[in-house]
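Paired with chain B in one complex and with chain C in the other, chain A is shared by the two complexes that follow.
For the complex of A and B:
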């Protein structure tokens, strides 16, 4: 029945659904898992690095993590080519704001703009929606640390912790039980690693299969730093995590 | 030609603008125009220059700022607003320039008071005191002498009185009435000199 109403983005089904948008959202559920966690003095973004083939050359830049501006970054789940377009749009929007106001664009405003852009592809032009989901992380002087999730429909919401991509329901349930507010950076990283280990369904979570980005701000100066964790540092934390989970059930 | 004066104090900014609407250097249409518009709860803009540009431009900024606040649910800092105004003037400059000179005064909760001098060529400068119009020629030297760090409101009003008195003495076609407004952490107030 829904087959009649799912060919065009700009047509509602009788039940009031936009099937193309829903299919686009489903496209993300096959992508490598992404996790975002807001801590006391940082926001952590983590992603599963899917190794599709040993023949692939080493990437020169990340396929999942992107810097949008000094104070905003994101992690991507879904069609990489669609993501590129949106990231470019986000970067332009952020720089245009900086050019005009001479101060960094508020994080939520940027997310709103990108989401408005995505929404227009669900209502006009007969073009398909973007098959990408984002976790945006940032800091600004108005609202401090922020974490937003957005999807192809153009909806977004703010989160304390979130996961998107493959096995995200498993990730969500782990976050529900283990997440606490105001964790320090190291605890956030360990929690994100724990979530990824669960969603990757891996008995041997190693640093090469994961990517971590730490965004933190000096609240006095307003200077925000973004750092991709090097493998050695990540391996050390993963080892600590392994030991903790091994002894978790012990009295 | 109409004049305006701005003075930054300890935790406030005072803006003053004359009330004249004139033409051709000799005809006075009105002498009681209020040229200081509120931009937001804690920001005011004194606009002098060609009458239609004055009204059109200041209201354009006012409404766009309001739209920004509604869309983004945050307040614009005085610095951000000053740069927004400058950009609008800069874009119009090479098309159809606005013949307006502006003084923007505001307080931000964390940053304190700020005064910005903006001219019709889209020059922007943060200043402790400033003036536009023919009056500026007389008034800047008084301000150079009398302004000091952390002026109280009474002290700043005293300096302002001296400035306006000088304009009345020396400027051939000086407008008799001035509008004076103060912006501080409590908001915007009209002051009688």
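For the complex of A and C:
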């Protein structure tokens, strides 16, 4: 019915919707699932690694996880090419702030900036919106650990735990029941792995199909470290998780 | 312009190590000494140290600009910048401001992946020179150059390098009113960077 109002981003539909933006948001729901969990002394980002073809060469770097600056990282769901552009923009923005103010850019400011950039593609120029959703994780001295989700409309919100991408409603419901605040890093990783197993619909989650990034800060020195978990470490935690869930239903 | 604040620095190559020595004076208008702990030497990654001789404000601004560029390079290329690439980038940066330049004459001390030292210096509009032995910059350029020519020998180990750098710098700045007032030496080796401040004449 409102098909004639969905060809252009710069036109509202009679119901007051921007269809192009909504279609862009749908583009993300086909992408590999991403999970973000904020713990007591770290933020965990996890993603499903989709293997599209055995002919693909081994990637030298992740196509889901990206470092924006020393203290900010993100995980991507959606069109990878669109993501590259935005990540480059984020990196430039963060460095420009550091250059100008001689201190790291606050996480929320960076997210706002990128979202403003995304929003301009929903209002000007006749260009289509970016078909990417992000989970940004970071630490700064103003607000400590933070986790933000942003979508193609340019909206963002802060979360304690979030998931985007394929099957995220299932992930969200699991988080609603199992998430607690102030979990330690290992528990956060296990919870994220549990969510991914559910969204991937897999009874046998393996370390090669997942990717985990741990961001943690030394609050005194302000130094933030980001670490992608190696497969062996992840496999060990997954095994522990398997054993726990196997005995969960027992009396 | 290069003599408003005062500076002196030397970069020397050793055997699988490289060292940089610099004074610490910040003068004002060729007359007063305003600080004796002004930082002119900056370690930009594990294997590159840059010394910026010249106008103090440009030293600081250029250092921020270099940090900006190094950070982006590391994020995009997912590897550290090599000393050679860094030197080329710095020369290019300076030439961009050909008709309104940074009044800075840099020296670059770096260690390549294979442990071999890399040395270069350039003028304030980015004309580079690379050498095998040493490079100098500063208000006492001739004094520094003369001292290095006399005391330098190839393939020094890090202790000999440290000693030579210290002696060359101290002797040269003692014959220059605009540099001195403190000295620091950094030696980059494959194991890490060693920094020492020298006790020197405060005049």
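Rule of thumb we're sticking to: the second predicted complex is superposed on the first by the 251 of 251 C-alpha atoms of A that agree within 3 Å, B and C clash if a C-alpha of one lies under 4 Å from a C-alpha of the other, contacts with A are read in each partner's own complex, and residues count from 1 in each chain.
Just so we're on the same page, a residue touches a chain if its C-beta (ideal position, glycine included) is under 8 Å from a C-beta of that chain, and two chains touch if they have at least 3 such contacts.
Being a predicted model, the structure only gives us computed values, none of them experimental.
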Item to check | Fit or clash between chain C and chain B when superposed on chain A | outcome: fit
Checklist entry - When the two structures are overlaid on chain A, which partner does A:142 contact: first (chain B), second (chain C), both, or neither? => result first
Checklist entry - With the two structures laid over each other on chain A, which partner does A:91 touch: chain B (first), chain C (second), both, or neither? => result second
Next on the checklist: Going by the contact rule set out at the top, does A:67 touch chain B (first), chain C (second), both, or neither?
Outcome noted: second
Checklist entry - Regarding the shared-chain residue A:49, is it in contact with chain B (first), chain C (second), both, or neither? => result neither
Checklist entry - Touching A:102 in the superposition: chain B (first), chain C (second), both, neither? => result both
Checklist entry - With both complexes placed on chain A, how many Å separate the closest C-alpha atoms of chain B and chain C? => result 5
Checklist entry - Can you list the residues of chain A that meet both chain B and chain C? => result 99, 102
Checklist entry - Which of the residues in chain A end up touching chain C in this complex? => result 60-61, 67-69, 88, 91-92, 95-96, 98-99, 102
Next on the checklist: Going by the contact rule set out above, which residues of chain B touch chain A in the complex?
Outcome noted: 71-74, 76-77, 79-80, 83-84, 87, 110
Item to check | Of chain A, residues touching chain B in the complex | outcome: 99-103, 106, 108-109, 112, 141-143
Checklist entry - What does chain C use to touch chain A in their complex? => result 64-65, 67-68, 71-72, 75-76, 78
